[in-house]
Structure formats: C-alpha cells, structure tokens
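Look for chain A in each of the two complexes below; its partner is chain B in the first and chain C in the second.
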Partner chain A sequence: MMNTSTGDERIATHHVSVYYQGNKEALSDVSLTFHAGEISALIGPSGCGKSTFLRCLDLMNREITGCRVDGLIMYHDQDINQHADLFTTRQRIGMVFQQPNPFGMSIYGNIALALRRHGVPKAKIKGIVEESLRSAALWDEVKDKLHSHARALSGGQQQRLCIARTLALDPDVILMDEPCSALDPIATHAIEDTMQSLAARGISVIVVTHNMQQALRVADTTAFFYLGEMIESGKTEQIFSNPHDARLRDYVEGRFG
Partner chain B sequence: MSKVMSHRSLERLGRGLTGSCVAISFALVVTLIVMVTYHGLTTFIVDGISPVSFFCGDVWNPHETGDNGVPLLGALPMIVGSFAVTLLSCVFALPFAIGSAICIVEIIPRIGRTVIQPVIEVFVGIPSVVFGLIGLMIVVPWTAGWAGGTGYGIFSAAIVLAVMILPTITSLSVDAIAAVPQSYRLGSYGLGCMRWQTIWHVVLRSALPGLLTATILGMARAFGEALAVQMVIGNATAIPDSLFTPASTLTSILTMGMGNEAMGTIPNDALWSLALILMGMSLVFIAIVHLVGRKGANVHA
Partner chain C sequence: MRETSITVHAMRARRVDRIATSVLIAIAASLCLLLGIMIGYVLVMGAGKMFDPSFLFGKPQQFKAGGGIGPELFNSFYLLVITLIISVPLALGAAIFLVEYAPDNVIVHVAKMAIEVLASLPSIVVGLFGFLFFVLMMGWGFSIISGALALTMFNVPILVRVIQQALESVPLDQRDAGLALGMTRWETTLFILLPAAMPAIITGIILSAGRVFGEAAALIYTAGQSAPVLDFTCFDLTNPSCPWNIFRPAETLAVHIWKINSEGVVPVLTAISDGTAAVLLVCILLFNLVARFIGRTLSRRLSA
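What follows is the complex of A and B.
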C-alpha cells in the first residue's frame, strides 16, 4: 500500500464469464480495470450480474456449488484463479456484504478473530483493532464497549464494524456489495465518507449499488451491467451526463430499474 | 341474526374444547407433581427419616433397621450411580454427536440432511429395552472380557446410554448448527479464514447455546432411563469402587422395587422419595434448557 500511488492498475478482468449450475450463463465477457485509490461503482438493475462479478474478484464464487468462471482476473499481475492462494487473496481483497454480518461475539472479537487465525501475534492485535476501528470511523462510538456484543450495535455501526474487520487485514482492494441497502440515510452517509477515506489511502474500492445517487456521489468510475453483460463503463460523470448506450440512457433516466 | 349467533357459539365451542384440553393436561401435570412430592416427602415428615441420612447414607436396605432402630435408607449409592452413568454416557456420546452434526451440516449437507439425519432420527424412536438387550448380549460380555469381573456396572451402562442418547444429541446439534446464519460463514470466508477455522471459531461458537441444549436434553434422557440401565448395571445397592463393578441408579432401584413394596410402608415411601429426586432433577434439566435458550435468543436477536 505504501509504495503504490493513485492510478496504478490494481485489478483487471479480461473476458470474464460466469456460469452457474447447469451451464447457465450469468455473466458474459466482462473486461474492466480498477485502479488504486479509486472508487468504482457497478450499477444496473437486479439480476444483471453485478454482484456475481464482484464475488469473482475475491473468489467467493468458489463457495457456490457448480459455479464456473472463465477468463482472466489479474491481481498484481497474476491470475487469481491460477496462481494465487485462496486464503491470502481473500485477506488482501476484502469483502463487505449487503447485510451487516458481524459474528455473534464481541466487537473486539469480530476484528481479532481473523487476525488470530492468520497468526498475528497477540501483542499486536490490540493496536490493529483500534487502528482499523478508527479507519472505519467507529472508534469513538465503541471504544468504551469493545467487549460488548456486536449485535447490540445499530445497523450502520455493524456495517462499519464489518468494514473495520476487513481493514484489519490490510487489504489493497475492498469489495462492497450494496453495503448501504439495509441502512438509513445518516448511516449511508457515514459509510460513503468511509469509502472516500479508504480510497484516499490508496485502496481500490469497488462498490455494487442499485442507488445511482450513491454512484454519482462517491464513484470515480462507473460500469453499467445489464442482463449479464457489461454494457458501458467510464468516468462517472460521463456515464450519467452523456451515456452512449440507449439502455444505459433509459436506466439513468429511470425508465426501468 | 341466527347465523351470527351460530358463528359466535361455534367460536365459543372451539375455545371451550381447546381450553379444556389445556386445562386437563395442566391439571394432570400439577397433580402428578403434587402427588410425587407428597409421597416423596412422607418418608421425611411422617416416617421421620432424616434427609441427611437419606442423601448421605450409603446403605440401602429398607427392610432392615440400623443400630438406632431406623430403616437403612441411604440413597447415596443410587444418586452417585445416576450421575455417574449420565455424565459418563455424555462424555462418550458428545464427540461423536457433535462430529457427526458438523459433518452432516457443513461437509456433506446434501446427503447429510436428506439421508443421514432422517436415519438418525429413526434411532431416537427405538425402544430402550432393545438397547438394553443389545447391551446385555454384547456390551456386558465385551466389558467383562477386557476389564475382568462380571461386566455389569457403570461403564457398560454408560456405553448403552451413550448409544441411546447419541441420536438425540446429534439430531438437535444438527438443527443448532444449521441455524447459524449463512452470512456468518461467508463473512469468515471473506476474511480469508479456512473452512475448518470457520466451523470451529465462528459456526460452533455461535451454535453453542443450541449445542448445550442438545447435550442437556440428552443428559435428561440418560438420567431418566430405567430399563436399559437396569439390564446392564448389575443393581448392587452399594457405592461401586470402580466403573466395572455392579452398581445401581435411582431408576433401576425404582423399577425393581416398586412392584414388591406394599403401599404405605416405609420402603414404599422411600421409593417415592427416589422418584421425587428424579423429578426434581428433570425439572432442573428443563430449567437449564430454558435459561440457555433464552440466552441464545438474545444473542441472535
């Protein structure tokens, strides 16, 4: 993270197609590039394949029986499906889910769990917990109750805890699958601020959203998915103000959703 | 108007029918508790046996009197026997039950939940006398073979009970593990944890209240089982000096003695006292299950 500057290529996909059980094609021939320090939004109507695409990027597709991925997903110049170690990849590429899913344990335990599993020395864990909670803008709200139950937090706080949990592993890419869809506007705003501060640290943030306003507010680049295809991608401004494809134009103007 | 009336009386009939069902069941339970308590306490209140000598005495010989002229009613051997077989059977059964439950839910869910779990649940319904018979024919000779002695004793009883409660604990553990939200597992995978780490540190941990409930219900079944135990434990009313010498439990002494003692005699009252202890223990088990359940519900709310 320290020796990378904004704009470096972080993840690039080349002709990625995804098939679910029974050879059903869920995603067809997607080529996209994501850069360090940028927020990229994936938009499109429900079932367009944007979440499927996101899952491929940290190999979560391997948890779905019968799911097959074709094409190349290059991360630090290596195809993650060929060379990378599944478990290391998932530490370096973090995932934040749609529903906040803290484990049924304490706030501290939620962050320490993966650190302990990955062999981080006990003495270091406490510092990392504080640092990652600060990065996720949650520290001030929870510093006095680190050992109380995570499920007692509000939805927005739980989601920021999940972000902190991911940050603790020092990722350089963070994937977010509609991270605000279960949250109220104030909590959404807090998460968006967090996204921007992550990007400012050089992390590549890739966020799936069905909320076009959110894409407009936070994303540097935007890609539009429709019926399993990536239709158009570019600078967010251009995507929303001057879309080339007719389907994207209709979607942006709210004719379908 | 008449139609409205008939609707209303139908409602009243329904309420009356279901209400009386509840009332009868409830009355039965209350009557039962009162009756067992009444007879159980007779030993102490009417017959004047001191509770201390009852719970701490180690000689059970209701038809003889001791030096002080009081019948020899020391229930300690049976109390020790009951707790010993219950705990030991749990120690035997738990690793297999939890292990199978993990395999059924996490490793081979498709076959596990459609084939193996139903088969295991069939085992829950096998009458205990069958287990007792198998214990008598196989476990007792086997134990005698390598441990010496007759083979009758706490060890054999615990093995038979372990096999009996294994399906109960397994089945309930499967439900507890399956109830852990899938999002916990995905969250753990997303943090680069391996499957085993996820199962051990996230899934089992979250399922803990349910696993405890499963264990306690298994223990309750073991504690209350009479027939199968009686067939293999040897029924000696003395505190055994090893797991391989004949012993007895509250239930085995009850089933053996109940038909032989005349109602209203001190030996009969003493059996009621044993029943009272059994009932009290099962109430404790149920209370623990409810407490654990409530704690679990709070955690996942």
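What follows is the complex of A and C.
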C-alpha cells in the first residue's frame, strides 16, 4: 500500500543525539518527521542506532542508567524530551518489542492490566478488550478462550496480542522494534496486514526492520541509519530504487549488513 | 598415518570422559550416602518416640522419666511464623529496592556488602548481640520477640538474596512492556514482576524457614531455654502461659536438644533428645518437600 494521504505531522525529532554511560555517542543529530496514517521503516545494519532512535520516541531510553538524550522530540506541539508526563506520553505512544512479551496471565488480563491501572472503569474494559483484539486481527482466534493463558498462544498470536495490548490505550503513534524477527512468514504477513490497517486508521506506525523486503512491502517512507547517523530518508520507492548515498546503495544491494 | 592419530585422540578423549563421569558420579553418590546415613540414623534412633502422641504433645518433665515436647513443638512453629512476619516484608522491600530502584553509587554498594556480611555472621554472634540488645537494652527479656528479631537478622540477608535473584531472572522485556504501557516502575514491579517471580520467591521463603526452624545458637540467649507450661485456653496476651504472648520465654526443639544434652538431669534423656532430633528433622524435610511442590505447581500454573 503506497502512501495514500500524507497526514499531519505527528511526531518529529530535531537534532536528536543519544549518549550512553561514559559519554559514548550512540546516535548523532537525527532529524526526522513522521506523519499520521503513514508507515515508516527504519533500516540499517545491526548497531546502527535505529533501535536506540525508536526507544527515544517513547522515552524508554530514560530507563537506562547513564543514558542522555539531547535535542527536541516534538509531539502534539510539545517537546516531550524536555517536559512531558512520562506515563501519559507512553500511553499515547505505544511500543511493540522484538520478542513477543505477553505477561504471564490470561489473554484478557494482558489487555486489561494497564487499563485497570490507568483507572478505566470496569464496565468499559470488556468492550475495549474486544475492540483492540479485533483491531489486531486476533479476536476470531481467541474469542472463546479469553481467560486461558497468553503464553499458550503461538508466537504470531502473542505478538498480535502485544499489539492489541498497546492499541487498548488508544495510541496515535505505534513503535515496533523488529516485530517479526521471531516469527514465521505467515505470522509476519498477518502482522504486516495489521500495520496497514492501523495506518489506515490514522495511526503513525514506525517500524524498525532488518528486512528490506518488509520495508518495501509496507512502508510509505524509509530512513537509513548507519553507524549512529541517519544517512538518508525519503519515500520508500526512492530509497530503494534511486538511493543517493553510496552507503545506502551498497546496503540495498546487499554488500554489507 | 593421520587417521590413526585422530582415532587415538578420539579414543583418549573418550576414555578421559568416562573417567571424569565416573568420578563425578562417585562424588555425588557419596554425598547422597552420607546424607542418607545421617537421616537414617536420626530417624531410626528417634522412631520409638516420634509416633508417640504423649511425647509429641505432652509436657516436658524436669526430673522424672517420660515427658514430651509439646510446648517446644508449638514454640518452634510460633517463633518461625513471627520471624517470617517480620523478615519477609523487610526482605521484599530491600530486594525490590536493590533490583528496581537502587542507583549505582557508593551507598548502595555498601548496603549490598552489609547484606553479604550479615548473611555470613556466625549465628552465636547474632545470638549474643540479640542478648545484649533485645534482651537487656530493650528490656524484653528472654522472649519470643527477642528470638524472632535475632532470627530476622540472619534470615533477612538470605531472603534478600533469594528474592533479588528471583526478580533478576524475570526477563527484561517484561519490565519494558509494563513501562511502555505507561505504568510506573512500582506498578510494573507489583503487577508484573512480583507475580512472575513468585514461584522462586515462595520456594526461597520456605527453604529459609527450614533453616530458621532448626536454629539453636541464636536462640539460646534470646528466646531462652525454658518452656513455660502453655494454656491454650488463655488469650490474655500478658500472661506468661498464654501461648500467643510474644513476651514469654520460648524454648524451641533445637534449643531443647542442646539443653537436655548439656545440662539435662531427666532420666532417659538420650531417648528424649533422639526423639526430638527426629521430629525436628522430619519437619525440615517437610519444609523442603513442600517448597519444591509449591514452587513447581506455581510455575506450572503461571507458564501453562
């Protein structure tokens, strides 16, 4: 699905740099803009800083001791890197991880836990659970076993449950860190479909992937990271068919990475 | 030429492997044998008394033959419960702080080292400290509360380590998932990490209970060496014969064994001591079995 509508600017970074303990620079001066209703892929070889960048966007780097993030991260006209309610921001900007990581409880409990903690009235929770499972294309498979253990699901189902868990909080940005790397091709396909339906609802989906085919299949825009720098970004088509930077050209042609 | 040398090498490696395996098996077997002999000896020697209700629940005799260990048996369990009530929350709090919150600085390093040192303090030292501090300075006398606090002093460091390991073994991505859903560190700990770590924590608590249950040295000078006659119909918490009174002296099974062997004048004291030892041992074995069972059941249920 190519870019159908270039929506409003949803989240943007301006000159973001990340330093780990001992002033080691992990990411240098990255400025990128992500729009509503778009899927954006972050590609690059291992250790290029794409996951570090993703973790900036929902302030997860703050959980790492000694990690410092410089620059502006603009979200709804506010620099969340400077002043943000950490916990509200993380509800509005969801994150899905590389390994499916459901909690050790029931399918229902996985989605309801955060809702309960955020004070959603009990009467509403049931509806939200169903709605978010439907959005993650998991409802039909689990509707009869909502109270069985989440880890009894297959890897792909677990990952869609993790997406549903994030969707339940009604985010407008969803970050995915190589969400398919632990999944088989069929499960991968299901997750990619889900990404597209999320984007169609106006959510800004940002996905880190080492799989260039995946970026080609789903992403409207793509950004290439290399050695802690953002080298080139643009429409996915252009990035893959007509890369300007020599390093990106080598990467796309499979010379490294 | 080359092939033969490879064959020779392979045969040599296989022979060494066989020897290593049999040495390891021999070591393991001799350990099991040693344990088996000791347990067997204690059980056989105490078998005559162990199943005798008048011994298990009867009152001890100072000078006459016969007599039981009823109060000692009750005291041991009551002291254990009081100790756990004090030490489990303390250890939980300390472990959660160290794993989830503690910054990486000098004070935390000192605290961690203090816990290590406390874990390796000889129990007689803990007992004498308890005697000076709880019994004399605080004026609580030989009492359950003095004993429980002394036991807490060496139970807490062990529990902290067990709970710390249990929490650290929960995969990092569980923590990340909770935080990424906008939950606070405390909510993540309480609703995600603790339940995931619970089987290991419970197993650890029960195993530590076995150690506390068999402790003697720390109690001789804190909980005392006398067992007042208990009146189970009495609920006056200030009355020394009220079993629930935490300010009464309370001799436990382990202390009882030590006492009758060192200064007992009762006839057949060997039989009483053997019987008590067998009862103590059976209790501790039960703790271990229960710990394994609960740990396994819980983790099976949690990871269904």
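FYI, the second predicted complex is superposed on the first by the 251 of 257 C-alpha atoms of A that agree within 3 Å, B and C clash if a C-alpha of one lies under 4 Å from a C-alpha of the other, contacts with A are read in each partner's own complex, and residues count from 1 in each chain.
Keep this in mind: a contact is a pair of C-beta atoms (placed from the backbone, for glycine too) under 8 Å apart; a residue touches a chain by one contact, two chains touch by 3 or more.
Worth saying up front: this structure is predicted, and the values here are computed from it rather than measured.
Peer 1: With the two structures overlaid on chain A, would chain B and chain C clash, or do they fit side by side?
Peer 2: Clash: chain B and chain C overlap once superposed on chain A.
Peer 1: Under the stated touch criterion, which partner chain does A:L169 make contact with: chain B (first), chain C (second), both, or neither?
Peer 2: Touch status of A:L169: both partners.
Peer 1: Is A:R217 contacted by the first partner chain B, the second partner chain C, both or neither?
Peer 2: Touch partners of A:R217: none, neither chain B nor chain C.
Peer 1: Looking at A:H189, would you say it contacts chain B, chain C, both, or neither? Reply first, second, both or neither.
Peer 2: Neither: A:H189 stays clear of chain B and chain C.
Peer 1: For A:H14, decide between first (touching chain B), second (touching chain C), both and neither.
Peer 2: Neither: A:H14 stays clear of chain B and chain C.
Peer 1: Across the two complexes, find the residues of chain A that touch chain B and also touch chain C.
Peer 2: 58, 60, 63, 87-91, 94-95, 97, 99, 101, 103-105, 113-114, 117-118, 149, 151, 162, 165-166, 169
Peer 1: In the complex of these two chains, what residues of chain A are touching chain B?
Peer 2: 58, 60, 63, 86-91, 94-95, 97, 99, 101-105, 113-114, 117-118, 149, 151, 162, 165-166, 169
Peer 1: Any idea which chain A residues touch chain C in the complex?
Peer 2: 58, 60, 63, 65, 87-91, 94-95, 97, 99, 101, 103-105, 113-114, 117-118, 148-149, 151-152, 162, 165-166, 169
Peer 1: Could you list, by residue number, the parts of chain C that touch chain A in their complex?
Peer 2: Against chain A, chain C makes touches at 103-104, 171, 173-174, 176-184, 187, 191-192, 195-196, 302-304.
Peer 1: In the complex, go through chain B and note every residue touching chain A.
Peer 2: Residues in contact with chain A: 181, 183-194, 197, 201-202, 205-206, 299-301.
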